[in-house]
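Look for chain A in each of the two complexes below; its partner is chain B in the first and chain C in the second.
Showing the complex of A and B:
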């Protein structure tokens, strides 16, 4: 391949690509005991890329105008060649992104990878989780369906429960007293410009931290699974004798991405309706509240929590406290041990927390 | 360099910021609770005697499913307990037997006309059946062919003619229900079904009007015409079915290719390992 070699040599003498490739790929060593859970981040990057590509394609035909939005989405699904595939990939992909993000967070939790010196990795990941929920919520309104209209009406209403500033915040979010065309404009701008930029920036910070601090060793398969960080000075956690990122772990990443894609395509082609309630295909009608509307599965636990408390503000506070606790967990959990089976209190709290989350989600679905 | 002590101290600064940051994304409150129950239901449900009887059947009825509440039939003010049963606020109460067709016919206009022209309607007030005889009052369900059954019809007359009518309508009912289910399934996939829904709605209405006729020959002829219309509709739906079948074939190929690529990567990785 003389052309490729010529290009490589051209770049080599200018930016030293050989050294760069060696440093970042072939000599970038990962722990020998690394497992499949470490590839969740790569799957998430692939999903984010797919969301960006499908989102740009959708923008070609989508009209962010309250009078035309629903019709444009219907046209994408029925008239635009392969429009149905692009839209289903985008809609199913947003759900998958939340699901894989949860798996990624759980694996980091159970392997104790959030512990010092990786507090910032955890915090940036936690901010990403919230940004992904935010981009999902803003994207939900864009089809201007009954489901999206009423979900946004109630979601923005609940912000009004915050004392003193609630009313102003609600009006600010909606761009008026009620959900209407200005809300669509705001949510569209947030969904296609601000939030993707923020997500890309925080992903860059997250990856920079990973690169700068080094990959954590899994606590499994070692005699001493305690955190070795001493806290006296900065040290890059290297893994002498480990496996190279290229080709070994890149192939593991690719395996995970393709297995994910198989599952993703199975949902897109065979069961896309699991993510679309019936009201998702009726145009928004501000004068008719649907009777049995439910939020997306990842908000069901929040939905049920709010219903458990007589006062909406208390419900919000409880969720805020729980999320804040999760955000600052690395600053609170200072224990050295990382193996989940050697941390019984942590295991009890983590499994209890996940069980509670799932129970609230199921309860919310059937309530 | 930060010591653990300083890190702990910083937690107090970070936490409120995060709390505010996450608040807007944490919430999606009760949507189902957006529609409150009327004072009629609140009061009657709390009763223990005769007054509580209508609540449960109504909650399970087609009326409740379509948002038709007590005041839509009985009048009154559903938001004001003091005036909920005040005639000055339009409260009608329960109708007398001969008033029932007019009571229900305020909404079901065409069906009222059919009923009044039928033998059933002509016997109104002379021992003939009213709407609630067959449909019930508060427990009213979606009109289906099962409403014509030996147990119900034999209360007043022999079942022979009703059985012939039911047999003539059976196939038509099956076709309409199947087409409706298919359209519903297409709609859940985001396929534009407005034209099909409107067409079937009109056909179904004509079919439902046959329910209140007792002229067997007319029912047989009209049922055949309706079946023809549904068959034409099924032809159009078949085109969508075929497109969906092709999509699934493509989907199967995509899933298979992704799995093959995954297996390939895994085997290659094993080679390097």
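Showing the complex of A and C:
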């Protein structure tokens, strides 16, 4: 311990760690009514860290070359010791990241935490959601299997529905007329360099906003659940008499992360096949499209929407409008009330929207 | 006997669980990153005799490294590791002098791998071989 104390004292006189720890941990007070849904962000940070680590490890053996990619992934799964574990953690983790992100967004929606002054928190979170979808899409191609090849063909094809520039955009995205070796190079660069950097940057902005504005109070367990923000000047939302982040809420965060990890490893060890259909195990063949090719579950609703409309452009527009509505929701919903049960119109739209999303997803799966 | 408080007991339990989790994470990681067993195991390499002319050298991959076969002017064959014992560069065969020269720091070896001059601390490693009909079986 003396060594630890010496190191602590050395840092203390230079950067004031005691004051920093007090400000950010023990004196950082959160509302007493805070609930488990507030730990979704911490779970997402843990998942992102795990994705970065497993991604770096996969890069040790993965070869981003159309002739060698599938073989290298097969070798990782079958020959490299514990390669299957690293790859399954990465593949299952990407699905889990989208799932937990959706939970995070739903909890923010239902608790009205996106309302003023937290419009930017919502917007940065929405951007993160899109970036995560992007990193999932680009990563999906990398194994260069029949599934990844044709799912990417279908996904990039949708861009072609945009009038005038659609064709050029599709070609630009693919690096050629069809999905091929240049697409792999582009998607690899996006997946391992650009998108992780962007995600890390937007996460930093998201956390800065959280820290600067203060944590919102849950609308539950209090008589007046209306938004108390006055809008005349900047005020940090503090919570006098609240619970400290350390150790109280950190314990909740850790509990949530470990519950998540239990669920995550249960899927990795006992049911990884739910994310690996048959076509994921045969190498890409540009001359043979497999029957019933479908995108990943989180793109199924988009896929089904595109199929519902006779004109692909209208299908794209509908999705664009829905996503824009979601992005600018805090600017449209100016009501003060935050309790979901006191917002019947919101509840109707939210539950209707989620039900529609799930219905389209199931329809897309069985269509 | 010293009685332990509940806090100490929980701290020990937590430390134990943490150590077990660390081992469970570290072991697969080390196995994943460690060089693959078996792949680097010594495999015999057959080189056709015709590929090693008198006074000439044949460089090839052996045991995960680089080796060289030479046929001296008298007809004697020598198999050596081509890795310089100084800093691991690959030596070059100088046909005229029948010597090996390391291009990195000028280490000179005889055709049998003995150090002539320069910084190499040891001779080149000799590799066993047998003549098998029209080929040389190294290893």
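Keep this in mind: the second predicted complex is superposed on the first by the 367 of 367 C-alpha atoms of A that agree within 3 Å, B and C clash if a C-alpha of one lies under 4 Å from a C-alpha of the other, contacts with A are read in each partner's own complex, and residues count from 1 in each chain.
Here is the rule we go by: a contact is a pair of C-beta atoms (placed from the backbone, for glycine too) under 8 Å apart; a residue touches a chain by one contact, two chains touch by 3 or more.
What you see is a predicted model; the values in this text were computed from it and never measured.
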item	value
Per-residue contact with chain A, leading partner among chain C and chain B	B
First (chain B), second (chain C), both or neither touched by A:268	first
Touching partner for A:86 - first (chain B), second (chain C), both, neither	second
Which superposed partner A:363 touches (first chain B, second chain C, both, neither)	neither
Partner chain(s) touched by A:60 [first = chain B, second = chain C, both, neither]	second
Chain B and chain C contact sites that coincide on chain A, given as residue numbers	none
Chain C residues touching chain A - in the complex, by the definition given at the top	28-29, 31-34, 36
Contact footprint of chain B on chain A as seen in their complex	74, 77-78, 84, 87-88, 116, 119, 123, 126-127, 130, 133-134, 137, 150-151, 154-155, 157-159, 162, 173, 231-234, 243, 247-248, 251-252, 254-259, 261-262, 265-266, 268-270, 272-273, 276, 278, 280-281, 289-296, 299, 302-303, 306-307, 312, 315-316, 319-321, 323-324, 327-328, 331-332, 334, 367
Touching residues on chain B, where the partner in the complex is chain A	1, 3-4, 7-8, 10-11, 14-15, 18-19, 21-35, 65, 67, 184, 187-192, 247-248, 250-252, 254-255, 258-259, 261-262, 265-266, 268-269, 272-273
Interfacial residue positions of chain A with respect to chain C in the complex	57, 60, 79-83, 85-86
